[in-house]
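Both complexes below contain chain A, partnered by chain B and then by chain C.
On to the complex of A and B.
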């Protein structure tokens, strides 16, 4: 079947979907390690007059992060 | 030495260009004393091969399966979900990894770089998880979900079916 994904998404998104599916197929121990590696969070912060504003996640994280734990 | 391709035609180097290139710098120098293909197979979190000399690499390109030997013509290939097999020494069985997606670039100087997002040896997969993942994806396909979700499900079906085929061998 010719790839119809090109109508709906970029190659990056295609890769993320395929990688997510692959991680689900791993054995339990490998899957837990892989999911931890795969989690991506992007934060941004607006600066005005030399002052940084509030740091916000692009996609809000589910569980609250404790203060002082840098994202890996 | 050129690898054979199941689909896609081979790009031929023009004779004059190769004669000029040979005068300036021969491929034999690029290959090194042992004449092996220099492979770099890298993931975001790990480097499986880092300019290691190998004999042959089999790739699941989106345009069809292909094999790369030393001194392959330069080309860029997007990969689909499939098995990358690396044969390090003549006569040895190839080492296999199942790759989710990525790019393979053969540079003109006998170097092959494969960038993949996820790649694991075939032993790391569970047949049960593959089967349940495939069932979930097929369920989305047969439901009345929007076409974009079905496109994602089709990608997942491709990954799981490729895994089943690779594990069955």
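On to the complex of A and C.
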């Protein structure tokens, strides 16, 4: 009997989801340490006929809350 | 200064031009000296930053190599039979986005071009620098590219995400060849090729036939092996890049110091020449009286 997750994702994606669930279940200090090890900032871009497509974040990055650095 | 006014007009003009030329050159040399001094400060600080990052990167690399060794250990026992037709190969070139690191990116581009010349295939690239170099040479071979990796020590999560994208959008392949920089020592690196087997070939391998298992297991194993191999390549490449940046910035600082020494001498000679010319003017002027 094949697991249901196989219809939707690869094994790597499956372990990513499972480890994220585990990380969120840890106590505060351990969780913070684990989140640092799991930060994904990678962007990817599909290519078609020698033309690159739009660049997308694998994990959508949260917008920074502050207005940004001061001008000087 | 009244001695100047008694000299013939021509001489005054020539002397003024010489002196203004001398002063302009002096100012130019001074400006160059100042800018080279600033550059030396920047490259020296970049070298220090790279040295501190190197210790962390080396430590991560030693841990990551164990993942790669575990991978290789497993696949030593699976011999792939050579198929009749040419296997479809997906090359994964692994480098990063940052510059000022010597020949890191060109070494990957050269290795990819050489491998593609012998056995053509499709291409996935991690890193903006090799992407721009290779997209000029072989844009048609690209399937997917990645960037924003390599600012910090790469994590297994990133490697897993990259492997996931490759499996989703990398097309069909029989074999994956990962081209990355191997860290030989703190001052040298070399590009190398790592092979990763595909699910189909795994299933057909003699060693695995001895066991009964579901189809899905070999697919999972192949995907995990890919993530493992990418992780090892990413971390080792990161360490190689930091050490190359350290070396490059050290060379740049040394060159800047040499330039400053020669510019300083030139400046002193120029200054002395200007003073000598002024003295000559004054003395000839005085003797003309």
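Going forward, the second predicted complex is superposed on the first by the 42 of 72 C-alpha atoms of A that agree within 3 Å, B and C clash if a C-alpha of one lies under 4 Å from a C-alpha of the other, contacts with A are read in each partner's own complex, and residues count from 1 in each chain.
Criterion: a residue touches a chain if its C-beta (ideal position, glycine included) is under 8 Å from a C-beta of that chain, and two chains touch if they have at least 3 such contacts.
These numbers were taken from a predicted model, which means no experiment stands behind them.
S.K.: Contact-wise, after the overlay, does A:62 reach chain B, chain C, both or neither (first, second, both, neither)?
M.R.: In the superposition, A:62 touches no partner, neither chain B nor chain C.
S.K.: Identify the partner contact of A:43: answer first if only chain B is touched, second if only chain C is, both if each is, neither if none is.
M.R.: second
S.K.: Applying the touch criterion given at the start, work out whether A:17 contacts chain B, chain C, both or neither, answering first, second, both or neither.
M.R.: first
S.K.: Mind sorting out which residues of chain A both chain B and chain C touch, each in its own complex?
M.R.: In chain A, positions 9, 11, 15-16, 19, 37-38 sit in both the chain B and chain C interfaces.
S.K.: Over in the complex, which chain C residues touch chain A? Could you list them?
M.R.: Contact set of chain C toward chain A: 135, 139-140, 142-149, 151, 155-158, 160-165, 167-169, 214, 216, 219-220, 223-224, 226-227.
S.K.: Which positions of chain B touch chain A when the two form their complex?
M.R.: 44-45, 62, 78, 81, 98, 100-102, 117-118, 120, 124-126, 129-130, 133, 137, 147-148, 151-152, 154-156, 158-160, 163
S.K.: Please give the residue numbers of chain A that touch chain C in the complex, ascending.
M.R.: 2, 6, 9-13, 15-16, 19, 37-47, 49-52, 55, 58-59
S.K.: Residues of chain A touching chain B in their complex?
M.R.: 1, 3-5, 7-9, 11, 14-19, 21-28, 30-31, 34, 37-38
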